[in-house]
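Notes for the one structure printed next.
In order of appearance the chains are A, B, C, D, E, F, G and H, and numbering begins at 1 in each one.
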Amino acid sequence: MKKISVILGSKSDLPQVEGGFMLLDDFKIGYELKILSAHRNTAELKRYVKGLERRGIRVVIACAGLSAALPGVVSSYISIPVIGVPLYSKAFKGIDSLLSILQMPKGIPVAAVTVGSSGMINAVLLAATILALSDRKLKARIKRYRGVIKNK
Amino acid sequence: MKKISVILGSKSDLPQVEGGFMLLDDFKIGYELKILSAHRNTAELKRYVKGLERRGIRVVIACAGLSAALPGVVSSYISIPVIGVPLYSKAFKGIDSLLSILQMPKGIPVAAVTVGSSGMINAVLLAATILALSDRKLKARIKRYRGVIKNK
Amino acid sequence: MKKISVILGSKSDLPQVEGGFMLLDDFKIGYELKILSAHRNTAELKRYVKGLERRGIRVVIACAGLSAALPGVVSSYISIPVIGVPLYSKAFKGIDSLLSILQMPKGIPVAAVTVGSSGMINAVLLAATILALSDRKLKARIKRYRGVIKNK
Amino acid sequence: MKKISVILGSKSDLPQVEGGFMLLDDFKIGYELKILSAHRNTAELKRYVKGLERRGIRVVIACAGLSAALPGVVSSYISIPVIGVPLYSKAFKGIDSLLSILQMPKGIPVAAVTVGSSGMINAVLLAATILALSDRKLKARIKRYRGVIKNK
Amino acid sequence: MKKISVILGSKSDLPQVEGGFMLLDDFKIGYELKILSAHRNTAELKRYVKGLERRGIRVVIACAGLSAALPGVVSSYISIPVIGVPLYSKAFKGIDSLLSILQMPKGIPVAAVTVGSSGMINAVLLAATILALSDRKLKARIKRYRGVIKNK
Amino acid sequence: MKKISVILGSKSDLPQVEGGFMLLDDFKIGYELKILSAHRNTAELKRYVKGLERRGIRVVIACAGLSAALPGVVSSYISIPVIGVPLYSKAFKGIDSLLSILQMPKGIPVAAVTVGSSGMINAVLLAATILALSDRKLKARIKRYRGVIKNK
Amino acid sequence: MKKISVILGSKSDLPQVEGGFMLLDDFKIGYELKILSAHRNTAELKRYVKGLERRGIRVVIACAGLSAALPGVVSSYISIPVIGVPLYSKAFKGIDSLLSILQMPKGIPVAAVTVGSSGMINAVLLAATILALSDRKLKARIKRYRGVIKNK
Amino acid sequence: MKKISVILGSKSDLPQVEGGFMLLDDFKIGYELKILSAHRNTAELKRYVKGLERRGIRVVIACAGLSAALPGVVSSYISIPVIGVPLYSKAFKGIDSLLSILQMPKGIPVAAVTVGSSGMINAVLLAATILALSDRKLKARIKRYRGVIKNK
């Protein structure tokens, strides 16, 4: 069963987030991937996000570069945790998407992580710790993973 | 008749943009003011913006602070010129809203001006030059205004 | 029963986070407040954090200024969600604590929000959405709160 | 008939803006290209810009790097919309030209877009939406283009 | 006889540069003050600057805030030394005017100093060292001034 | 006998600090290298650092990238001099680790040097000047080294 | 007997560093204060610094704002530890002095701390840990001080 | 006869400034090149700079990277114009050397230009305009050069 929805602002952002999919698989967390821009697919994005809770999705990971409105817009539609992953673009090395994701107005929470592939890995870990609050087996897998990391 | 729609992300932003309303009045340009957040009033914002062209509005001035998704979201709904005015917030002196407004993805044009009240004045002037392309009297008023400025 | 632990790096940081305690009360979420510096109370911090899961705490909100090692250190001790709130200091307007909290190495997830009191409000909302995944009444309260915000 | 004038500060800037010419062609908008520096060709630039309105040019797209005085100087000569495209230079990745273009004094409006080739694409779209206010066919072409973008 | 021309972009900038006038008087250097904006008084600025060499002016000190095109535009008209003093504006604490003045294209030299009143003092000293290359009495006055500074 | 402990946050940071080991050898200063992350090896790090003074270690050089909590955490455990070397990571060119190392709270001293390999060289020199306060031969070696540098 | 020399670039910097003198007194460390600018008192500074080692001074704390050449120049004259404290100036909130102090070339070590009064406190602590390497009583005082801090 | 002294902080900086030597030759301006670091060759630098005026040198161009104390130290020794050229280093793309050169204290004037090879070209032009105040032939050469530039 799918627990996590990963939304990408653009297909060209895929290489920055692929590592996260492998980690989701390692954690045996079901997920689905959608490519929907906050600016180019507004209606479809709204419809998709509004349906997530009913379908059992528990956490959204929204990844976007540039002006990065995606995570905030997603958060405005639902009341489940939304994690925002800022992605690199050419001009400002991710500081643009980072600030766009961090500077949410009061009332629209987004959990920000760092830029690019490292951010995606930690976004998945964050989502996993949230799911693990009611999933002992997942918690065990997270602890094992973090044990392995210690010896790297 | 109203030609310009000014949309504000939050009522608390009013003091930063008031100077613009006086200039719109000086230019005898009809306008309307709406306070609608891209994150808190998504449905209402969409409905409002989608109806603008039909009602004869020709330019939108969208003003927002922080993550400032408003101008980009407005631009994604319509094909008339959208001017984005970044506003000051406490944390980053407007650099956050500035980057959010500037870093639009290809295909979603927003005309950015500088932060705060100076930006609003120039946003109004920019809107006026657009309207004046088909309004000789307004063009004359703009030229008179710019003549006055020269002696300041 | 306490579900959330709020850890502050320094007593002097209290004014920046007080608004969050009121929101936690509004949401009827039990919480406890600890003042423990990552640098000045390392042993006590470790002991405290290591005991959190067993005591039923489900989310930690760690708030710190300057070098802001607190959220990362907390995250290194446990596998429940850790939210980091960067606080303002004099020198760099929070950009220092913001980067310290965001730039976690892979494997140590921290959910960052913006600087200061706005960040604290959204940290509480984020924590609430996490708890609400298994608490229908809380979810209803969050939705009511967000409905109220829309009319502000 | 030419509706748009594209002015470039330097021939070496051409690679950053070429994509815009293709889009102007797609939109069937007549344009002309001039290479004139605000610092090195002041007299010629003034003569050229002062003659634009009379010749039917309706929007200027001024592109410049480094100190990027060009868009502001152009705007000081005429009362039609001026769009400024900041270009990359080696030292500061476009933040220099960006600030120069954004920080216009009150009374000298310039519509800024982002740095480099993405900025040029959106500058053309912005110019197109302005022209489309009195050109139904162009408006249809813009809508078609934006429809295509949605599926990218 | 006047040797130095001080050009100010706006009357409102006067408080930031006044200290320089006192130092010019201390050095017994004749100077004139003009308030001419690069954007609002282009024709008058050009006429004025083009006449400077013939009238015996040997150094120009051009002071401007925001986009600060003034020093570069002045330098483009003449071949005597031009010193640029960036001034503070609200939004970016002078980093905008600083970059605009520093990032001159090759071939348009401007001597930049720091922002605001400290910059103006050093601009005057710089101009004085230039004039002193052919004025022994002025050189003695500069050395005396610098001797006094050492004991401050 | 070992006088200096070099602690690295991650094995992948080795290439940035290798030059320092050669200089330590040139100075005939005994040292040991440990790879211990402040986040991934907290218990082991504490045990190791707490034992340093007793074993005769007199200076610690702690090198870390990203959030760079390592030098501060080390300094919180001991009362011998701790030098912090910020390392480059992809996202922010070391400005993240630099600020994390510099912005220590009052009471937790860390001696910061610049980013990467240049910082490591100067960290070693700094450590050497500290040891040389009670080691005349080492002082002579430092002076010889600095004499050689003058002719480079 | 004086063990530490505190050098200040300008008398006006005193308020930013006063807290450090109280801490030096608490630690019973003898020190002397000199006000000598790297730019305005070059000869005197050189003479003074070159005599420090012979007179038994073991650590220099050099404090300066703006371009902050002082700590580096001091370090170029001697081979005892030099700690650099960047001070606030108006324009860039200490980022200017911070970078000037951090970006030492290889071979000229300076131990940097943060900007202003917090930096001065940690500079004193750092100096104290250096002196304490051969002073057991001082080490005890430092440990007591740090114990007190823990309960703040 | 040599009129200009070019001082370089390090031999490794040569590639960034070579273009300036060709321009000096084109202008038929006699110059000499010295490689002297403000930190590594303090005594020799002082002796050299103090002798410049007597030998007929009229302008100094001082080029340095990193902390870039060189131009300010040179300016502190003499009362002829000093132009500072900030050079690129790895860590901060010249923003470090730029701020060090710009942030001179009152009384120590340095004429700053932009970073790297473009800065060097304009430094030479600036020096040439200074020399040309009393050299008609050089003025003619400068005007010819700038005429050529206009057609680039």
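To be clear about the criterion, contacts are C-beta pairs under 8 Å (C-beta built on N, C-alpha and C of every residue); 3 or more make two chains touch, one makes a residue touch a chain.
Being a predicted model, the structure only gives us computed values, none of them experimental.
A.B. asks: Any chance you could name the chains that touch chain C and chain E both?
C.D. replies: Looking at chain E and chain C together, the chains touching each of them are B, G.
A.B. asks: What chains touch chain E and also chain F?
C.D. replies: The shared contacts of chain E and chain F, listed by label, come to G, H.
A.B. asks: Look at the interfaces F-G and A-F and say which one is made up of more C-beta pairs in contact.
C.D. replies: More C-beta contacts join the chains of F-G.
A.B. asks: Roughly how far is chain D from chain H, going centre to centre by Cα mean, in whole Å?
C.D. replies: Distance between chain centres: 36 Å.
A.B. asks: If you average the CA atoms of chain B and of chain F, how many Å lie between those two points?
C.D. replies: Measuring from centre to centre gives 53 Å for this pair.
A.B. asks: Using Cα averages as centroids, what's the distance between chain C and chain F in whole Å?
C.D. replies: Those two chain centres are 32 Å apart.
A.B. asks: Which residues belonging to chain G are in contact with no fewer than two other chains?
C.D. replies: Touching at least two other chains: 10, 37, 40, 66, 91-92, 95, 102-105, 107-108, 114, 118, 146, 149.
A.B. asks: How do the chains pair up in terms of touching? List each pair.
C.D. replies: Here the touching chain pairs work out to A-B, A-C, A-D, A-F, B-C, B-D, B-E, C-F, C-G, D-E, D-H, E-G, E-H, F-G, F-H, G-H.
A.B. asks: Can you tell me which positions in chain E touch chain D when the two form their complex?
C.D. replies: Contacts found on chain E: 9-10, 37-40, 42, 46, 66-69, 72-73, 75-77, 89, 91-92, 95-97, 99-105, 107-108.
A.B. asks: With touch defined as at the start, can you tell me which chain D residues reach chain H in the complex?
C.D. replies: 10-11, 37, 40-41, 66, 90-92
A.B. asks: State the interface residues of chain G toward chain C in the complex, per the touch definition above.
C.D. replies: Checking each residue of chain G against chain C gives 93-95, 114-116, 118, 146, 149-150, 152.
A.B. asks: Mind listing the chain H positions that touch chain E in their complex?
C.D. replies: Touching chain E from chain H are residues 58, 79-83, 98, 102-114, 118, 121-123, 125-126, 129-130, 132-134, 139, 142-143, 145-146, 149.
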